[in-house]
C-alpha cells in the first residue's frame, strides 16, 4: 500500500536532526521525564533546607541527630518552623499553580489561558485588598480569632465567590459555555480591578505597603497552620487530575467530538473549574500573587513531551513545585538578611523564558 | 510546633505587651527596627551592640553599614534570625505577624516601642529603649538634655507663632498626580503642631490621598515635604504646577519647606532641633 | 438505527420538519441532498450534538437515556473537520478513540487503524501539519479505533460519518468507501452524509435524499437517483446514466473495475 502522494513537510524539529515530527510514542519519554522531575524536586527540596539566610544546614542537623546530640534551639526553629513549612507550602503552591494552568489551558483549548481565567485571582485579590484596607471594621472578636488568617481566609472565599459568579453566568440549562466564561471573566476582572482601585484610593500609607507586598507574593509567612489549611484543598484538586487527563485530552477534539468518544463533558468542566478554583484560590490565599508559574510550566512541558494530559498533569505538578522552590531560594538568599517578594523572582525569570519560548518555538506551541 | 496553633487562636495581641522586656543579662546582639529606634540606640551610646537594622534606619551614617533586614512591615523570620540576635527592639507596626510569632517562639527577647507623636512620646520612646538596653543611667543624661531642649524649642516656636500660626500642609507623595497628605494622628501632624503651626488638614486621620479640590480648600501657607529623593522628594516647581496647589498661598508665595524624612518625622533625639528649624522656617522668612 | 419525528429549530427557522429516518446494520446508508437540505443537521441531531424533539433509537435503545460512554461503546462519529489547539501527534489523536468502549484494552489498534486508512508511518507526525485530507483520514482512523469490531455480542456497532471523503483525492476516496463497505459487510452499520452522488451510487445500499428539511426520497441508489427526482431536488438537470455531449472527458469512479488497456 503506497503512502499518500502528499509531500507536505511537517515541522522540522531541529532537536531531532530534521526528521518530521515527534518520536512515534512520546509516552515513554514522558514517563522518564516524570522520574527525572521527581528526582529534581527531591534535590531542590533538600537544597532549600540546606541554604538560607541563616547558616543552619539540614546536613549538620542530621549529623547532630545521628550523633545523639540535641539540636540548638535556633537550628530547630529555623528548620522546623521556618524552612520546613516554607518547603511544604512552596511545593503545594507551585504544584497547584502549574496544574491549574494545565487544566485551564486544556479546558479553554487555549495555550494562553492562565489559572486566574476562571476569575479566582480577581476575586481573591479583591478580597485580600478588602481585608487589608477594611479589616479594622470587623468586630474585634472575629479579627482576633482569625489573627494572621484574616487575609488568607478572605482571599480564599473571595476566589470561590468570583468563580461561582462566573460559573453561574456561563452555565445555562446545565451546560457551561467556556467562551462565555472567558468573556465574563474579562468583565469580572475589570470590575474587581475598579473596586480594588477604590480600596487602594482609600488605603492609608501602611495599608498600601501591605497590599503591595501581598500582590507581589511571598512564602515568608509560611506557617504549619497555612500548610495544613492548604493541603486538603490543593491535595484534593491534584487528585482530580487523573480523571481530568482523559477528559482534557478528548476536549482537544472539540466538545462535540469529546462527547462522542464517551467523555462526560459537562462533568469534566465542573470538576476542572472546581479544582482550579480550589487549588488556585488556596495558593493565592496563602502566598499572595505569584505569576508565571501557571503559564510557563505547561508550555515548557508541552514542548518537551507533548500535550497528552496523562503525563502532563503530574509533570506539571512536579516542575511547578521545583521551580517555585528554586525561585524561593533565590528570593530569600539574594539580599539576605532581607528578602525579595517571590512574585518578583518568578516574573524576572519567567518573563524572559516565556519570550524565548515564544520566539524560538512558535510552531511547537500550536500558536 | 503544635503549641503554635493554640498561640494563634489566643490572639497575637496578647503576645505583645506594651512596654519593655528587661533582658536578664545585657543583650549584646541587638536588631533595631525603625529609624528613630536606631537613632536613639546610637544616641544612648549603645550603637556598638547592634548587629542589624531595618531599611528605614538611615541615621546616623554608621547604621547604614549594618546588615539590612528589610522593610519593617515585611520582615522575614529566617533573615532576622540569621544575624543571631538576642534582642529585637522594634517600633510598633513592625510585622508581619507570622514573623513576630516565629521570633517569639525562638525566644528572642522582643521590645515594642510605641509611636506617640508628641514631646511626651519622644521621652517615652527613649525611656522604653533605654530600659530594653539596660542603659538606665546613660539615659538619664540624654533624657534630661532632651526634655530641656524640647521645652525650649516648643516655647520658642510658640513665641514665633504669636497670634498668627501658619497653616501647614504636609505632602507625603504626589505619585500618579495624587496628593497624599498627612491628616490628624500622624507624625507630620505632631511635628507641625509642636513647631507652632496648624495642620491644614484636619478632616481625616492618617496619610490619605486627597481630592484636588479638598487640597486647595485647605489653603495652606506653607507646604512641608520630605527631602529624600525618589518620589518622596518633591521639587517646588513640580509642586507649584499641580492644579490642586496652584491657588494655595503656599504655592503662590513659593513657600516650601523640605527636610530629611527621619529627622522630620522620626520623633527621636533630633526632634528639638527639628522643631527649631521648622518654626524658623515657618515664621522667619522663606526657606527652600 | 432509527430516528423518529426529528424536528430541529434554530431560532425562528425550522431546519428539520418531523423527519423519520431508519438505517439497518450490515448496510451502508447514505444521506444526500443539496446544501442546506439538513443532512448534517439530521446527523447532528441523531448523534445528540444539537437539541431536537423526537426520539433516536440505537440498537433498540433510546439514545437520550444512554450515558456518553455507553453510547461511545456502540457508535463512533467522524466530524466534518477538526482543528486541534495543541500539537498532538497523529498517534495520540487516534489513540483518543481508545478512551472508551470494548476496544480499550488493545494497544496496537491505533496503528492498525492508521494502516487501514493508508496513513501507516504517519504515527509520529504532528496532526496540525497535515493536509485537510490527511487530517480527515486521521479522524477516520480514530473513529475506527473506537468501534473496531463491527459486531460485539451480537449487537452491531455503528460508524456515523459526516462527509468522510470531502477533502480526499480519488484514490483515498476509494480507500475510505471500501473500508465502509467492508465494515458493513462484516455486520456493522454505516451512516454517512455524502456529497458525491457517484460514490453514493457505487457504495451505498440505501440512499436517503433530503430537501429543505424533509426526506424527498429514499431507497436503493437506482430507485432514488433518477433524472426526475434529482432535477426536482437539486433544481437543475442532473441526467443519470447519460454520457456527456461533445468531447469533454468524464471520469467515473464506478469504472475503476475496468482493466486499463495496456
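Each chain gets a letter, A, B and C, in the order it is written, and its residues are counted from 1.
One rule holds in what follows: a residue touches a chain if its C-beta (ideal position, glycine included) is under 8 Å from a C-beta of that chain, and two chains touch if they have at least 3 such contacts.
Only a predicted model underlies this, so the values are computations on that prediction, with no experimental measurement involved.
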{"item": "Count of contact steps on the shortest path from chain A to chain C", "value": "1"}
{"item": "Innermost chain, where centres are averages of C-alpha coordinates", "value": "A"}
{"item": "Euclidean distance of C-alpha centroids - chain A vs chain C, Å", "value": "43"}
{"item": "Centre-of-Cα separation between chain C and chain B, whole angstrom", "value": "80"}
{"item": "Centre-to-centre distance between chain B and chain A (centres being mean Cα positions), rounded to whole Å", "value": "39"}
{"item": "Residues of chain A engaged with two or more neighbouring chains", "value": "none"}
{"item": "Residues of chain A defined as touching chain C within the complex", "value": "1-6, 8-11, 20-26, 109-111, 246, 249-250, 252-254, 256-257, 259-265, 302, 306-308, 363-366"}
{"item": "Chain A residues touching chain B - in the complex, by the definition given at the top", "value": "52-55, 73-74, 77-78, 80-83, 144-145, 147-149, 201-202, 204-206, 209-210, 213, 218, 220-225, 332, 335-339, 341"}
{"item": "Contact footprint of chain A on chain C as seen in their complex", "value": "44, 47-49, 67-73, 76-77, 79, 82-89, 91-93, 96-97, 99-101, 115, 118-121, 123-126, 128-131, 133-134, 142, 146, 169, 172"}
{"item": "Complex contact set, residues of chain B against chain A", "value": "1, 4-5, 8-9, 11-13, 52, 55, 67-71, 73-74, 76-84, 93, 96-99, 101-102, 105-107, 172, 178, 180, 206-209"}
